[in-house]
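What follows is a pair of complexes built around subunit A, which joins subunit B in one and subunit C in the other.
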Partner chain A sequence: MDKRKLEENFFIGMMIASTLLVLGGLMSVLIVVLLRGAPALSISMLTQTPKGGYYLGKEGGVLNAIVGSIYLACGATAIALVISLPTALYLSEHARKSKLGSFARQSLDVLWSVPSIIYGVFGFTIMVYLGMRASLLGGIVALALLELPIMTRVMDEVMKMVPSKTKEASYALGATKAETALNVICRQALPGIVMAVLLAFGRAIGDAASVLFTAGYTDYIPRSLFDPAASLPLAVFFQLGTPFPEVQQRAYASGFILLVIVLSLSVASRFLAKRSARYVIR
Partner chain B sequence: MSKPHISIEKLNVFYEGKHVLKDITLDIPEKQITAIIGPSGCGKTTLLRCLNRLVDLVDGVRVSGKVSFDGTDVFNNGVEITNIRKKMGLIAQTPNPLPMSIYDNIAYGPRIHGLKDRTKLDHIVERCLETAGLWSEVKDRLGEPASKLSIGQQQRLCLARALTVEPEVLLCDEPTSALDPISARHIEEQLLALKVDYTIVFVTHVLRQARRLADYVVLLYLGELIEYGPAETVFSQPSDPRTKAYIEGVFG
Partner chain C sequence: MNTRRLKDLLASKLMFSTVILSMLIVFVMALALLQRSMLILRTQSLGELFLSSSWHPWQGEFGFYPFIVGTLWTTALAMVFSVPPSLLMSIYLSEYAPNKVRGIVKPMIDLLAGIPSVVFGLWGVLLVVPFIRDYVAVAAGVTTTGYAMITGAIVLSIMVSPIIISVSEEVIRTVPREAREASIALGATKWQTVKHVTMRSAFPGVVAAVILGFGRAFGETMAVLMVVGNVPQVPSSLFDPAYPLPALIANNYGEMMSIPLYDSALMLAALFLLLVVLLFSVAAAALLVGVKRRYAIG
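And now, the complex of A and B:
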């Protein structure tokens, strides 16, 4: 076999092997978590709050953490969306080449890679300053900060890809910049916007460090924005830290529940992105 | 020459320091087809885009001079550009449907200008698609994405869309260059029919097309206007030797 053919086969082999490695990683995580958590998985895990305390309790479920996580991630995503959509429109439409634009992009990229514990500590400092206790609101704000750079930068990139001739079609009919942004840019970029939102949501629902100090942890379902809120990543963290095997199994079960939520979200996002791509101009 | 609809006076355009249009002065007559011809890169499209100020959207462009349309200077800062653009429909070089259904593409213009009444919108959609010669082909699938139409149909959709906001002028930027010959002929026929009601400014680099359609011809060469007059005169007795050379195919 000649050298070029050999080279070609080598690279194809590399690509297949690395893809399998990634898939294998995902599968083994799922299998290990499922096997370890299986003894503790039951309907009551999903429908009850913990009995005997979240740290040592062996009875009841993690409904407090499931509901808490959903509240936290939904609230944070809503806030982040409201802020990042206009920011991304500004960056991609008005500040594409300006100094402010590139400075903002650079800052967002740095923020994206800031570890989430920093957001947690930052949120905590602000809350202490304001005299607030750990609460759902505090957690939501910290997670929104975590989500903002992800959402904004992804949206910025997809909006930059909207063809100028499509925008021109709108301007040429006498549309204003705002009308064009809402009706044309957002629609054309919709599949990407959906992906941005779900990517950020996934990051938020799986994050432990930023909610540790800000949302706290509790055995109860929060009744107001000022109650502390539990979350699944912290449920895993606390239960795994106990010396009791039964409680450790509950940690894996909680982890499995979190994985199922994230996986179904990712499936739903693919479906949504595909549906919203129906009218997109290619 | 019939009454001028758009008057251009000493129009100069600089693009990042490059002088792309030089001292253009000309009158575009009402309800006639004016063809802007010339070799590629001579500034045809830029001239067209100055008329509805789409040139604003390009970074690094500087314009001086005057474009009067209905008595207002298009480049005057106080002018409401959305109103000017509403009165000048644009048909681009390649079809540019909006990311929505066929119906919504056509209804988009009237909607942004405040029309909400569904029956009136239905009426406009039907009338404009009819005028653009597309109604019979799409009337049963108005809810489908516009991107599913063929390229030729998309261009007629764009023509129909331009008509919805009741423009006075149609600006056409080589509207048939991306189309197959049959679709191109469709568009040409429609433009000839529309001349009765609209002032049409038509950019093309195909001389035969200019001969078929144009009443007046503008020849640009390297950003300068070198010939302007009724089509017959320009083609039979050009005044500038460069025009003669261009028409004979020496360059371009």
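And now, the complex of A and C:
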């Protein structure tokens, strides 16, 4: 066999090996966490808040963290959506190629790559400045900042795809820019908007470093925006850090719950995007 | 002016202000962190802070050197582990893989990219730590708890591979088909074409993908914090524990409000992280714009 063919075959072999290695590594994350988490899971993990002595191995569950995480992610997603939807509309409609547009996109991309710990530190700095303690509200704001660039940039990309003919048809009927944005672009880009929202939600619910200082941790379900709130990622982190095997088991179970939530969100986003594609004119 | 016009005007003003707001966040963040780190910058010089390895916060000595070295080593090592297989995989997906395989693998990579960092950390504690302690370290003839720099690097390398793969795969696919066909027509094999034509054209974009992965690894906090050992010393081997900057911030910030200088030192660490990531992200964007412009259709 000639040398060139040999080289080609060698590299194809390497490529397939690498693909298997990377996929195997990533799949092993799923498999290990699901397999070790499942046996540790129980009904009381899902339905109870920690009782006295929980962190020494006594009974209770992580309902506080589950509810806390859902509150945090929902609040953050709501705030981020309110800011990012108009931003994305503006970027794709008014500033498609302008200097402002490219600068805004660039700074959003930078924001996207900012480590989540920085959001936590920044959020906490602002909270100290305002005299607030670690609270649900603080966590929501930090996570909203984290979600903002993800949502805006994904929506922006999707809105760019809306064919200009569809928009022109709307303008030709006498609709203003705002009316077109609301009734045509939002409707046409709906599958992408749904994807963007769920993607950002999934990112927020799994993030630990940004809520570490801002939302704090508590054994109770928060009753107001100014109560501290627990979250699932931190439940994994803190319980894993205790020296008791029973409690570490619960960290595995919490990891299982978190992973299942994130994966089902991801699958749901694909499904919902498909369903909402019904309204799209092709 | 009629109400529809008025509504339109209001809507565009509102949209404009949200754009300005979201644009300013990065700058506000940097300024806030700078303002809070002024205290330590006034008392100590940057050289002293970054090059001294004496970390004794209670005596007012804040040498970041061990933490910076820890961050750089773990990140660099993670890139060494993850770049070659990720690049080979993205070449495979974009050039060789049958459509069926790509159709399955690509969504899987997207799905796996969304796994939260604590889950990676948990995986590290459950699988990688014992693996390093019981097999790798034994084979290398050293003893370690398994909570070591190499463990952090392995966890990070798996974590950042999806971003490197998806960005570089996308870039490789933008190389025009004509360029490949010209090379094939000259009698080059497929691999020669990949090596001399496709990858050469896609090179800046692939570099951008690697930079993005580096940036992600550099600032990653929880997954690393859980497996890397967190001992404030300059690591001297792969099996030594390290203490990267984000872990330092996560472990100490918030409780240290009572000591203004300590608080300020941690803010400086956060500012440093932010600036490095900012630099990387701008560099990656510039490279990607270059690639896209070169192959802009029309």
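Assume the second predicted complex is superposed on the first by the 246 of 282 C-alpha atoms of A that agree within 3 Å, B and C clash if a C-alpha of one lies under 4 Å from a C-alpha of the other, contacts with A are read in each partner's own complex, and residues count from 1 in each chain.
Keep in mind that, in the parts below, a residue touches a chain if its C-beta (ideal position, glycine included) is under 8 Å from a C-beta of that chain, and two chains touch if they have at least 3 such contacts.
Model, not experiment: these values are computed from the prediction.
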| item | value |
| --- | --- |
| Touching partner for A:R203 - first (subunit B), second (subunit C), both, neither | second |
| Touched partner set for A:Q188, first subunit B, second subunit C, both or neither | first |
| Which of subunit B and subunit C A:M161 touches, first, second, both or neither | neither |
| Which of subunit B and subunit C A:L46 touches, first, second, both or neither | neither |
| First (subunit B), second (subunit C), both or neither touched by A:A38 | neither |
| Touching partner for A:K5 - first (subunit B), second (subunit C), both, neither | second |
| Of subunit C and subunit B, partner touching more subunit A residues | C |
| Touching partner for A:T125 - first (subunit B), second (subunit C), both, neither | second |
| Touched partner set for A:T176, first subunit B, second subunit C, both or neither | both |
| Subunit B versus subunit C as contact partner of A:V260, first or second or both or neither | neither |
| Residues of subunit A that lie at the interface with subunit B and also at the interface with subunit C | 176, 179 |
| Residues on subunit A engaged by subunit B in the complex (per definition of touch) | 96-97, 163-176, 179, 183-184, 187-188, 190, 278-282 |
| Subunit A contact footprint on subunit B (complex, rising order) | 52, 54, 57, 59, 82-86, 88-90, 92, 94, 96-101, 108-109, 112-113, 145-147, 158, 161-162, 164-165 |
| Complex contact set, residues of subunit A against subunit C | 4-5, 7-8, 11-12, 14-16, 18-19, 21-23, 25-30, 32-33, 36, 83-84, 86-87, 89-91, 94-95, 100, 103-104, 106-118, 120-122, 124-126, 128, 145, 148-149, 152, 176-179, 181, 199, 202-203, 205-209, 212-213, 233-234, 236-237, 240, 251-252, 255, 258-259, 262-263, 265-267, 270 |
| Subunit A partner contacts - residues on subunit C that touch it in the complex | 4-5, 7-8, 10-12, 14-16, 18-19, 21-23, 25-27, 29, 32-33, 36, 84-86, 88-89, 91-93, 96-97, 105, 107-112, 114-123, 125-127, 158, 161-162, 165, 189-192, 212, 215-216, 218-222, 226, 246, 249-250, 253-254, 257, 266-267, 270, 273-274, 277-278, 280-282, 285 |
